[in-house]
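The letters A, B and C name the chains in turn, as written, and every chain counts its residues from 1.
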Amino acid sequence: MVAALLGPALVLVAAFVVAPVGYALWLSLTNKTLTGFGAQTPKFVGLANYRQLLTSGDFGHSLRLTAEFIVFSAILGQFLLGLLAALLLTQTGIRLKGVFGGAILLPMVVPEVVASLAWASMLAPGTLGTLNRGFATVGVDPVSWLQRYPMAAIIIVNTWRGIAFAMIMFQAAIEGISREVLEAARIDGAGVWQVLRHVTLPLIRGPVFLFLLLTTITTSSVFGLVYFLTQGGPGQQTQVTSIYIYQHSFRFFQLGLGSAASVILLGIVLVLGVTYVRLARVEV
Amino acid sequence: MRRRHDLTVFGVLLAVAAGVTACGGGGSSSANGPVTLTLLEYQKPRADAVAALLPKFEAAMAAKGKTVHVKLIRDILPDDQFKTKITQEYNAGDAPDVTDYGATYIPGFAGAGYLLDLSSYLTKWSDWQTFFPQVRKQIVQPDGKIYSLPHEANTQSIFYRADVLQRLGVSTAQPKSWPELLARLEQIHAKTGKPAMVLPAGTAWGDGTFGEGFLNVMLGASSQFYNPNDKKWIVKSPGLTQTFGLYAELVKANILPVQALLNPEPWQPTKYVDFPKGVLPVAAQGTWGWRYDWGPQGSAPIPGLFQKVRTWGYPALDGGQPYAVSSVGFEYEVTAKTKYPDQAVELAKWLSSGSAMAQQLVAVGAAAPRSGIEQIAPYSAQPYLVATEKQFATSRSFPPRPGQDQISQAVGQATEAILTGKSDGPSAATAFAKSVGELLGPDQVEGGS
Amino acid sequence: MAVDQHLAASRGSVATPRHRSGRRHRAAGLTRRALTYLVIVVLAVFCVVPFAWVLLGSVDSKAGLYLRAPHLTLHNFLRFFDQPTTPRLLVNSLVLSGGGTVVALFLSMFGGYALSRYRFFGRRTLMFAILLVRVVPPTATIVPLYIIMIDIHLNNTYVGVILVEAAYQIPLLLWLMKGFFDSIPVGLEEAAWIDGCSRVSGVLHVVFPLSRPGIGAGALFAFVNIWGDFLTPLVLLQSPDRYPISIGLFQAFSAFNQVDWGLLTATAVLYMVPTVLLYLFARRYLLQATVTGAIKG
């Protein structure tokens, strides 16, 4: 009975998620490619792909960019702004909470290519780009954001897109804190900052860690948002690991190399994933 | 394993089902039965030109008693997206019967076994001997076979705005050497305060950086770039260092539009805006510029094009005569898995002959790769294209070789480092050699990495 | 409401300390309130402003890359439905997201029921394994997946993309469904059995109907996720007549020379409307699904 009920779902997951993981391991040991003479006879090459990845510098560069992307957009940007939004929107007596909450939700709700498209105009170079117009009012000269500061640009875009997720997680956690505890702390003369530091934050520690882990995992594989705006460029300045994998696999068709890069990314994510599964401490 | 097996069965069943429904219309491949060919075009002017010709091809076949329909697939895409798509289709075995793309892709696809060997078809075709010898020679692949039928050719040179240079008081005579050309460009820069010449560089321009910029300059050096005997690239040479050095000089003198070159679609602000406006008066350009870029129906028309724009040859780094770079343009290919090889080749041949070729050449602004077209309208009415044919004899050229993708990628990155000021000439040359060594491996690079 | 009353009560009970520094407190409270509004408005504006160009461009007859006051027109939308290729994108998106959702939901309902009601060997491990599968990033499996799809002849097919998208959604849905079914007392089901229902019809007539809101939320959640996916169709589809809107938008945006901004932004608006509407009307359920999804799996 269990097999009949659960089997089909598991087969699908096994075929399209688990099997590719195993297959990636095998492909990463070959020089599989789709063009050139090598395409007809893929060979087993041992760890050559890994050696190339670890010595070439390009892949290391992509890992560093990914780390930078995660630290600034997910761990700092989304966390701080999401926490701020959650704290403000859980205060009593704030009007139009639904409207504000909805506005902050919008970036997360829309498909990622729409999010990128919206920012294409924001970040457009020259005096007419929306951001440049905004900065012009305080006397800043127009900047070609995606060319001069491409990493900063995609970090801002990803922060923007992820505020809502942080907000939702924290809002739920803060609403779970008893009002009396907060009120009592305030009456004891604690300032806003002290309440936050000594009462609220310790009480929502669990969700905070969970959020940081989850956002790290999802941010490590963000693809469309960045690819749409920069395709990894200029040069390789925004070639985060997910883009590195795509470019090498589907532009240069070095599928063996791309698979090796996938395996490394996968290894890192799974370490985080196991931590997440343990931390989630779910009842089963 | 078991699951995988089940899925395979499932997939096969599905494919069979699809096949059954697809075959409903009677897909028997008997010699005289009706045949439907698919033809893929990925650039709009080409698709439009070919769409108008196909009914004539079908009529011509009908006159011979054959029923051949051609279904034109239009998938208008930028080069890199097209390449991804067509490679995937070849690999999956469902590419269209006939395709149309540039010569640079062919070594990679032919090597992988995706393309039909056309050698025997072409030797039997009397027209084949009217294709220019340089063209016929350039398209032979390393295995000695021919996998494509070229239907256009072009030359690349340095295009300049004669009207602007005259106004600025800069000489328009053919520069004999790079120092002479540099001096002129500096003169222009001094007068306008803006970049003077667009020469593709960096990664944003894609393969254009190599094929429409770097290679043209490099061919003026005396160093060999590819050794056809051992089929290896020579990635360290004085010529390469000289060429990178020249890019560094152009950047240092503020002659290249660095910011624009780092942008996505770098041709937009340069070739499509500033050159037509006369702000950026010198551009590396090919024959297609007359039509595709700046012609009346082009992307950025320049009124009075033929009065305002003229060309110089590239000055040679080795002290030789200035030269144009000739290359084979788009070619027709037949997929190796086609069900109707004869009819597919027939289509490619028909599109590469007579009036059909003449109309396509005019649509994209290319020269004929063969004789016998110069008298045919509307091509005959385009003297600048016909004149291009004459340049072939004295031009320099470099046929695409296996591994050129990676070379092109490495050139993009090395020149990008020059644009961003991270490298000078010699260090870019070193970085280039190192990165090609990694990308291609010792099998394809002379002296290893 | 309850919270407010509770707060009022607690305020009343501590009237004395409040009285002591009442005025200062009120002034501080006012600035704090003003500051709160200021910050929240700035945040909300930051989140919404990028969409202004998309919306205004879609109703502008001369839309460009820059934000500007539009020459009002609905022509861009009419053109979307009039063009030979664009309506197809919408249909394809509906087919892929609808198909993926139906498959994922159907399988997860039964799977979730098994996880909820049966105590079988390895169940706990399986639940954790499913949780772990959820973190496998699609970018890291797309290369081998592409080759597998070719091998099993599902590359460049609706069915292929639908199955893959469904497989991506199943782990989360299994957890969600299990959670919903857990909250339905077994007693209700047993009552149905006694009334002569078989186990299966008990599931169909009691358990599934009772968890309708949960199932609905799961369906919307999966639909929105698949609807927005870009990487999977980018790699697994090559025929333009099967592209969903995400790919169409990307290609239109990266078109070789002139981009038709009016049509592009109108397409983007049509593309985002369904997800925005779903969130508007089912916000509570979707947010709940997000949080439970994150915390529980």
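Methods note: a contact is a pair of C-beta atoms (placed from the backbone, for glycine too) under 8 Å apart; a residue touches a chain by one contact, two chains touch by 3 or more.
Note that the structure is predicted; figures quoted are calculated from it, not measured.
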Worksheet item: Hey, which chain ends up farthest from chain B, C-alpha centres compared?
Response: C
Worksheet entry | Innermost chain by mean C-alpha position | A
Worksheet item: In whole angstrom, how far does the Cα centroid of chain A sit from the Cα centroid of chain C?
Response: 16
Discussion item. So the centre of each chain is just the mean of its C-alpha atoms; given that, what is the distance between chain A and chain B in Å?
Written reply: 38
Practice prompt. Let me have the rounded angstrom distance from the C-alpha centre of chain B over to the C-alpha centre of chain C, please.
Written response: 43
Worksheet entry | Numbers and ranges of chain A residues touching at least 2 other chains | 15, 19, 250
Practice prompt. At least two other chains touched by the same residue of chain C: list those residues.
Written response: 146
Practice prompt. Find every residue in chain B that makes contact with two or more other chains and list them.
Written response: 7, 88, 91, 264
Worksheet, complete the sentence: In their shared complex, chain C is touched by residues of chain B numbered 7-8, 10-12, 14-15, 18, 43, 73, 75-78, 81, 85, 88-89, 91-92, 94, 264, 268, 272, 299
Discussion item. Residue numbers of chain A touching chain B in their complex, please.
Written reply: 11, 14-15, 19, 34-40, 52, 55-56, 125, 144, 146-147, 230-231, 233-236, 250-253
Worksheet entry | Partner chain A, residues of chain B touching it in the complex | 3-4, 6-7, 80, 83-84, 87-88, 90-91, 107-109, 111-113, 202-204, 259, 262-264, 402-403, 405-406, 409, 413, 416-417, 420, 435, 438
Discussion item. Considering only the defined contacts, which chain C positions touch chain B in the complex?
Written reply: 146, 150-157, 159, 238, 240, 251, 254-258
Fill in: Partner chain A, residues of chain C touching it in the complex
3-4, 6-7, 10, 14, 17, 32-33, 36-37, 39-41, 43-54, 57, 65-67, 103, 107-108, 110-111, 113-115, 118, 120, 123-124, 127-128, 130-133, 135-148, 163-164, 166-168, 170-171, 174, 224, 227-228, 230-231, 235, 245-246, 249-250, 253, 264-265, 268, 271-272, 275-276, 279-280, 283, 287, 290-291, 294-297
